[in-house]
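Each structure below appears as structure tokens.
What follows is chain A paired twice: with chain B in the first complex and chain C in the second.
For the complex of A and B:
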């Protein structure tokens, strides 16, 4: 009986949030029509089904999906409030993502070859970058979008996962005895120095592409993931030092020569100097958060539409305006628990490759959240990047679900091993 | 398993990042946000204001000078007298923000009665709340008269009650129509116009005071007992600088009273030189020139711009209101008011009170002493000189049968040599001053004498109302 409560309670919480959000939306804005209600109901049903599947066919960690579902629901309600069309599409993306999450977790769990596909990951990443460079188009300052059929997506989102898999492979693969012919290369590759070099080459290649796309937020994220891997697996302080020096050099170069980086630093330090111009985005965000204060103005009762890009990068400011920073802190807490689960899975799995992958995913979600939330509250300079599961956008949603699917698979595999023991 | 320790370290770092976000967000909300949301670029302020019907503005006789009404579901501000109060009440525009009292008294105009709010909470009729109304000391009839008398001439008329500091009239020309539609249509043109119609000349225009400044110099000379008779040859040379009377007129043997009434530059330039920099600076400060003023609308600080020590020529020019001395018409009206009020300058104010629709008072101003310029005795002597000026001197244009007017004319040289500014400051009746007036016309040239008759008509109007 107690166990049943444990299963149902998180679902009830989410249903309550949906209900409350829906009621507030219709009261304050008269926005919830039968279509939207149906969509919200469908969303609840989807996540109930996915959750039930996870529960009753033990497929691993129970928390990941619940946390994600809560974030997704908050995002959908906020998007419905901002622009009904976006909210409705987001429900679809969420459902697609949830399905993909389930499939990925199963596929990842039963595939035993994930650590042997290193070359494929790197080639895939580079290919995707090349395609973006050739056929991509710009949106919001970064030339990082591809159009495929009717959909637009950011390949760099997918490359994030390939990058994590690559680095995990580089650092954890044990090579069988090399054949006579290329003994030297393989031996070198098997040493610490060789691995560090390989990781560095991959990382800097990717960074170069990202900087060419002018996607600074994602570049910082990639670099952070790389540094985390180097800190754990590099076992070489010199590399960390060199990377530190490189980062400082690049920053100095950027600040002295790149106009748009100067602007970002300037608006970070003195946003109110040019409220109508350069500082417009960040000050509108601060106005929204400030007006929200602790408890918020109520869903549908605020004016988040003054903030540019409020449905994607700045959605956290809208949450703070209407749900207060208490709502904002709750969202922050959800991300934190999600990151914590990733690390927990990483720490408790025995498979070295999976351990590294899980850590990478934890770092990715943690740092991405930090970069964008820190940016919109003016804690750090603003770089455009999406807030996972909440920001409007298919590719971010789907890819983050994909990475969590891998995490879910790892957690299930961990259980199997535990069961065997 | 051997990497678990380091993975935990990475996790701790990420924990710290999240914690820092939470701490900063809380810090921002507690300490920065209250100030940030008051920024005028925060559009939510305007949104909040829109939910309360903006209070009206009345003159001292209860006439409506500005009011708000609903047009559809939007508030609209009406200014029935258009140009007349554009620099006093200002405008309240979505596009161009606010000016004048609309800006400085915004908080009161959009604040509904806090007591009403408690009962209003249970009131479900959905009637719109109203902000407090402003009641001004301005007299619409007087201002209308001033507007008519000034006609097309550029300049300003300032009138106030010397005993309390209540401002009766604050009129500037050229002006503009502050009604939203008119403003929106002509804003660009107005802001680029050479005549600078957005400049409220009465409070923000800076001009050399010319001979009206002799009131100040005379007061200092009388205080120091250096107001001796001189022989006026029409011009004198001080340190190589030629000081000349108006049209080079020779006034001959004159005492200070005659010199003042006839506006002898020779006499007052030499007094200023005798007084020296310290004493001139001191008297100027006591009359509030170059001092910060806590007024109900924005004012320019009059300028006394001598960075280096003043030479003799500087002193001579200063003594007759030329040189680097620049004043606002309001400032000169206050100089006259100070003499009228036995040497004490009352702090000027425009807003008498503000009332919530319920009749409860939201704001009330009280007369306050601003500056003590000179003692009663000196003020009395200057008054005699000012009366003499109107009786027999340059200010005869302001003479009224049955009313003693004390006044002083002024002709101020400026950057355009042939078109001097014309001034006339006065108060009446001298025995029991009811009103102090400063009439100022820009680039009036030789027609400067029209200032005194305007003041005369205004005094007549005010005292016979």
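For the complex of A and C:
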């Protein structure tokens, strides 16, 4: 292949970034002790191993993992700079996620039954919601965490994937032989209207659970995914109208009755009215971004500790402060390319179900990035949700890797032959 | 010095990230170009057009294949038209041109080659525009564009 040169270059870039990050950390923070250096080395090793596997076996798309690796590396360096413990855990989560990414891609590729498990996805999602409702505990205003052994995780992260698989199944499955007695239900389900109704019911059930958990950020994400599917497969303006009305109604109800939402809207519209109190988070974030200007203050030279939750929701402000708007834009561009890849895979595969799944995953990552970055820069009201691959958080990291693993599996199925010719 | 060095290194850091994005986009761009070139079917003397719905097929297959002077069709690496259909033999059948006419012959395939629904067995059969060729789980139509 004549592109051999190109294929090594991104890896070199990533290793260079790790090296530069390490040097910067040790210069400014004195933070690179032997443990951290070992962890950074371990991360490079994980990258190299996964990359080599992707390179030398026909496992599909090369780009997805490289982009996520770059995002992960930026995240780990920022976290190490903010709080060494978080950074170290993040490296472990990254490696676990990368392993899971490979396993998922292979499992997804060789299983041919993914479009037939619709009922299982829905029941799984509802069960997870019920378990969270019963045994969950709250953190940051949303009762959406579950503790299992020593780990705590957010089941709604996993339900995202189940939701995408369900919607993809609903819109693309064919039911060939309806049984005698329930012909009517089956044939109704096969019509466009029936499918739209099924998708709507699933979506609103999940949304209800999310709103009960008071996890508005994730609810918006689910709704956006659903709207994307309706726009592509629904082909029905009545549903668009209905959903618009429902969205307006729910937001009006939220604004007028829920204190939680009122505060968010208030701080979004007038953050500087109560800088020391309600508006503290968002104003600190804005100050940090402003302080960073175009080129940033240098990694380790900023003062991101003023921002609450800087390691998870507000990590983008810290990046903007220390690497400048240019650094922030670089991160945004990485997400752009990632989402572009997802849509590209969706367009070039020839299995309808896989097409729909790939589209959903692309929409999920795109919208999630939009919601949190938009919130942090005060473009839209702030809702707590993680920035994929950069924010600190095990469940987010692992689940996003899981969804990309599915994407990778889809791309591998398509590529099997193309590469050999 | 203590002020400037971290700044310069941070600039370098961001520049490397941009270099990375540039390389990735360039790679994707090259990929697109090769794919676009592949799809461009030139005026061939004859080609095979896929009759199956692409959505029913799990493996990658083109909508159409150009025919040259000698075309081996199958799963194996020796074939000019290579399709990963599990129901195909590694060298399934052969379509070749002799004196301006295309002929098809079966290459001792496990599942046989059907021409318009009939097994051609070990005969060599002349192909006419519109003939339907079934191999493995696929069906192709033989097309000879009039020049």
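Basically, the second predicted complex is superposed on the first by the 414 of 421 C-alpha atoms of A that agree within 3 Å, B and C clash if a C-alpha of one lies under 4 Å from a C-alpha of the other, contacts with A are read in each partner's own complex, and residues count from 1 in each chain.
Throughout what follows, a residue touches a chain if its C-beta (ideal position, glycine included) is under 8 Å from a C-beta of that chain, and two chains touch if they have at least 3 such contacts.
Everything quoted here is computed from the prediction, not taken from an experiment.
When the shared chain is aligned, no partner comes close enough to touch A:313: not chain B, not chain C. Contact with chain B, but none with chain C, is seen for A:332 once the two complexes are overlaid on the shared chain.
When the two complexes are overlaid on their common chain A, residue A:27 makes contact with chain C while staying clear of chain B. In the superposed model, A:275 lies in contact with chain B only, and not with chain C.
In the superposition on chain A, no contact is made by A:215 with either chain B or chain C. Touch criterion met: A:347 reaches chain B, while chain C stays clear of it.
Applying the stated contact rule after C-alpha superposition, one finds that A:112 touches chain C and leaves chain B untouched. Legend: residue contacts after superposition of the two complexes on their common chain; A:157 is shown touching neither chain B nor chain C. Looking at the shared chain after the overlay, A:299 reaches chain C, while chain B stays out of its contact range.
Common to the chain B and chain C interfaces on chain A are residues 340, 350, 352. Partner chain A is touched in their complex by these residues of chain B: 1, 3-4, 6-11, 14-15, 17-18, 20-22, 24-26, 28-29, 32-34, 36-37, 39, 41-44, 47. Within the complex, the chain A residues that touch chain B are 228, 231-233, 272, 275-276, 283, 286-287, 289-291, 293-294, 303, 306, 320, 325, 328-329, 332, 335-336, 339-340, 343, 346-347, 350, 352, 355-356, 359, 362-363, 366-367, 369-370, 373-374, 377-379.
Contact residues on chain A toward chain C in their complex (touch as defined above): 3, 6-7, 9-10, 13-14, 16-17, 20-21, 23-24, 27-28, 62-63, 66-67, 70, 74, 112, 295-301, 322-324, 326-327, 330, 333-334, 337, 340-341, 344, 348, 350-352, 413-418, 420-421. Those residues of chain C that touch chain A in the shared complex are 5-7, 9-14, 16-21, 23-28, 30, 35, 54-55, 57-60, 77, 82-84.
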